[in-house]
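Below is the structure I would like to discuss, written out as structure tokens.
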């Protein structure tokens, strides 16, 4: 097992390097970070030249990539004063500073991660809990009214684009409630700054974005769990368990569920990139200060250091999480063995 | 079932608990549609960065709501009589008020001005722009309340000098230690203030909070706490203004104005120097061959009904400008924009030799079809305008190819292949203003600013060169006499209109919305917070 | 998707194949949802094709700002948009583009996914290692972020295209390619694992021992047996592609104006969603119904074609 883990980790290193170089090259092909540095005015010529030199953008792309990777504190960047560069490079933990805000990239991203996880993590927990409940219930009470109703509803919900869901929820639960004179859910930010970041404020602001994210996935997951449960329920070993006299509840939750859990973990594993950076549309609509929102803002400003930081961190996070999922497999299913 | 009951109960609990509490003291909320990139005047490249740092940093003077300068840190505006400006307009002497202090009690004096100049010019600082400090020969501080600035030639746009002053006692040690102010924490957490408010906190992604500065030179603000929130989604932004979450907002689209007015909010359209216009490319090498003919350009201007567009899509909230300097004394009041006249446009095109010889609906000449490349970015209203203009120009036989670039590509520089800079367009639509508004000086139409491989940083994206116009433009930048300068600009305006290289589409003033809770807020497009110490809240 | 270890029944002879497809058809028709899905999709196709007989493209693009934001009426049964264009006509022509993007993007992604899956599964070795790492790399990047990045790069530089009598923005081709390039990974993995287990069956081992060339084995024996997941994946892939296009158009980096798609009509409706709901209800509903139909259909196909599935719905 340990050897397997180490081997996987080693295999992923060249992978990460390749991803980083391809992304870096792609981004250089896109816009020009200096274009928007003048604010509403186009960047002045003299300033553009100077900024290009000061930010290291006048170097060829391979050099820029090298500096990004291992820093430029071993290079003299200002021949007049003999000053060396300030960056230590990604391999030493320095992701550089944002072109836009001059803040260290790790600090910027680090500040956003908790809020993103708050949103997507809560949504994921809600999705899993509700999908399991609905899926199992539907499977056990096959063809009941509940089952038919939920199947129909989930087909509809599953097909709704995220922003339509968001706007429909805003229309109903924010504007609608406000017009009816009832307390209504807010539509932007994490909390009302006049009140402060209290627990109630955060929860109140989380309702609409979490619902937006969850409803669609609940529809999809619950159906998948239902079908997996059905497969498992009708299988031989469950019939054996029942005939042995094990209670229905124990049968369901211990035996059936454990086997249904495996594919579920695959799904959650596939969702991991989403957890960190994928809720872009939702975060933008609800002005939720997370990673996806930061990505969009940085994209329009061609803020390469931040974009690279986000993408690389997500990539690393996913590689590690996939490994975790695979290891969990062996725990849950003793039949699976890795050499 | 039990599970769902529990969920419902939890939601109900949340609803009960989340009743909002009241804040202490007088408080007002301003919302921006974008979060500033930094609080430092040296590094910000965003309009909202530019507005927000005015809350905690004062400058030599500010502009009131008629855009006239009022002294803030100086005791009176420099002019020829009080010795503030010398006879040939090259030396400016600023006389500071006595006893000025920063919020921590340290003296605010000429040393801070000198320091500001040093920091802008320092090579270790990757500042956004050095203009106009890079034109100064020297800045001296003969005593604590006098600053002497010397230029090599008369400098007409001098009102843009020292719009902010940095605290030397706080930043000099940082600069000496790091060799640069680029990454200093002060950029995001300024610890001292000379402006009406003192910075308190910045919750990245959500808001900033400021507290009134009792030692502000123009008096302690009435409103104790000012909160600035950031709401990027247009729909949520307007909703926040409508339901009173925010007391002041700006940059809403003209199309949102009716709903806001209906709700009883105060809507003001305030000029900021910007005008949305079509730049017409006159380059013989890079533009369509028809574009070098002024008659074709004039025909383009006459084929699109700009007034109808402004009435219908801008809700009549703005109008068609004729001048790059519309709504300032520098625009020539005797001129008006090209009228919408498709017949006359067709006649001009016929005269220029562009007729539809092969009956395909588009004019042509010498085998070349008259299809113009119309480029802009992806903003909704511009995309809509392109569709409308395409139809109207087609009615006159002018074909158009519509292209939309993401902003960072559209505005990219010459070296990066940006379409505007490299002249890869025939019509480009963007909103521009003179660089140092309210000063009218601009370099956009100078012959020396035409971009090329030898001059990649050129600013003249219409590639237009007229020696007479050039002479006038150069002369105005060294003319400090107000009346004489206005006369020069009236000539410049007339020449530009005849050349038809810049066609005004709408006067791009900023829409500012004031909520019913905010009282006595007088705004302008350069210093919205010039009078913030006198704002008050109702009830 | 389910990691089942049961052996796959090979359909190696003509008769068995015909009987198998009859059985599949019967199962399909029994699945109520699948029939509903097929009907919905049929309706969509009729909508975009016959709609274009009612109006021509010039009418769909015809704007008149004096008639803007009109609610549904006899003249304009779905109302008019922000610059006075008829929404019904725009959804017809927009639907053509959206459906075309969905189909062609699916073709790209199924093509790449099958190719990668078969090659890695069948040949193994270093090509397997390299391509599998590539697949993992692509899976590590959130799709939407990657889509946004690439759309941003190629915005504005592609010329217009003439196709089937219509002229539209070249960005359509760009979008098709990039959606295709970002959605093949799931199918590649499924195909790979199927091919891996197929490779070990006696039939294939025998064929190889007899000296049959690789391409023959792949074409005649492997491909027919992976048709089931391919068809299901292709069907669902169309739905995902349509949704993906609507997301990137909504965020402003999708198909360029004036070419309409359901996604970019929705983007234009963003500001008016409270005051002019007909702007987004119509295209939103159309996307919803199309994707729903596809999901129903895909579900039915999965049940019908997958002989291992013993769940009746």
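The letters A, B and C name the chains in turn, as written, and every chain counts its residues from 1.
Just so we're on the same page, a contact is a pair of C-beta atoms (placed from the backbone, for glycine too) under 8 Å apart; a residue touches a chain by one contact, two chains touch by 3 or more.
As the structure is a computational prediction, the values presented were derived from the model and not from experiment.
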Chain whose averaged C-alpha position falls nearest the assembly-wide average: A
Between B-C and A-C, the pair with more C-beta contacts: A-C
Approximate Å spacing (C-alpha centroids) for the pair chain A, chain B: 36
Where chain A and chain C are represented by their mean Cα positions, the distance between them in whole Å: 24
Whole-Å gap separating chain B and chain C, where each centre is the average of the chain's CA atoms: 44
Chain B residues counted as touching two or more neighbouring chains: 235, 406, 408-410
Shared-contact residues (touching 2 or more other chains) in chain A: 30-31, 167, 175, 284
Of all residues in chain C, the ones touching two or more other chains: 152, 273-274
Residue numbers on chain A that touch chain C, as the complex places them: 11-12, 14-15, 18-19, 23, 26-27, 29-31, 151, 155-156, 158-164, 167, 171, 175, 224, 227-228, 230-231, 234, 262-263, 266, 270, 273-274, 276-278, 280-281, 284, 292, 295-296, 299, 307, 310-311, 314-315, 318-319, 322
Chain C residues within the chain B interface of the complex: 61-63, 65-66, 68, 82-83, 85, 152, 155-156, 159-160, 252-253, 256-258, 267-268, 270-275
Residues of chain B that touch chain A when the two form their complex: 3, 11, 14-15, 17-21, 23, 27, 29, 35, 37-38, 40, 43-47, 49-50, 123-124, 126-131, 134, 179-180, 182-183, 187-188, 203-207, 209, 227, 229-233, 235-237, 239-240, 243, 245, 274, 406-413, 416, 418, 431-433, 435, 457-459
Chain B-facing residues of chain A, complex: 30-51, 54-55, 78, 80-81, 83, 86, 97-98, 100-104, 108, 111-112, 115, 129-130, 133, 167, 170, 174-175, 178, 183, 186-195, 197, 200-201, 203-204, 207, 284-287, 289-290, 293-294, 297, 300-302
Residue numbers on chain C that touch chain A, as the complex places them: 1-3, 33, 133, 136-137, 139-145, 148-150, 152-153, 239, 243, 246-247, 250-251, 266, 273-274, 280, 284, 287-288, 291-292, 294-296, 309-311
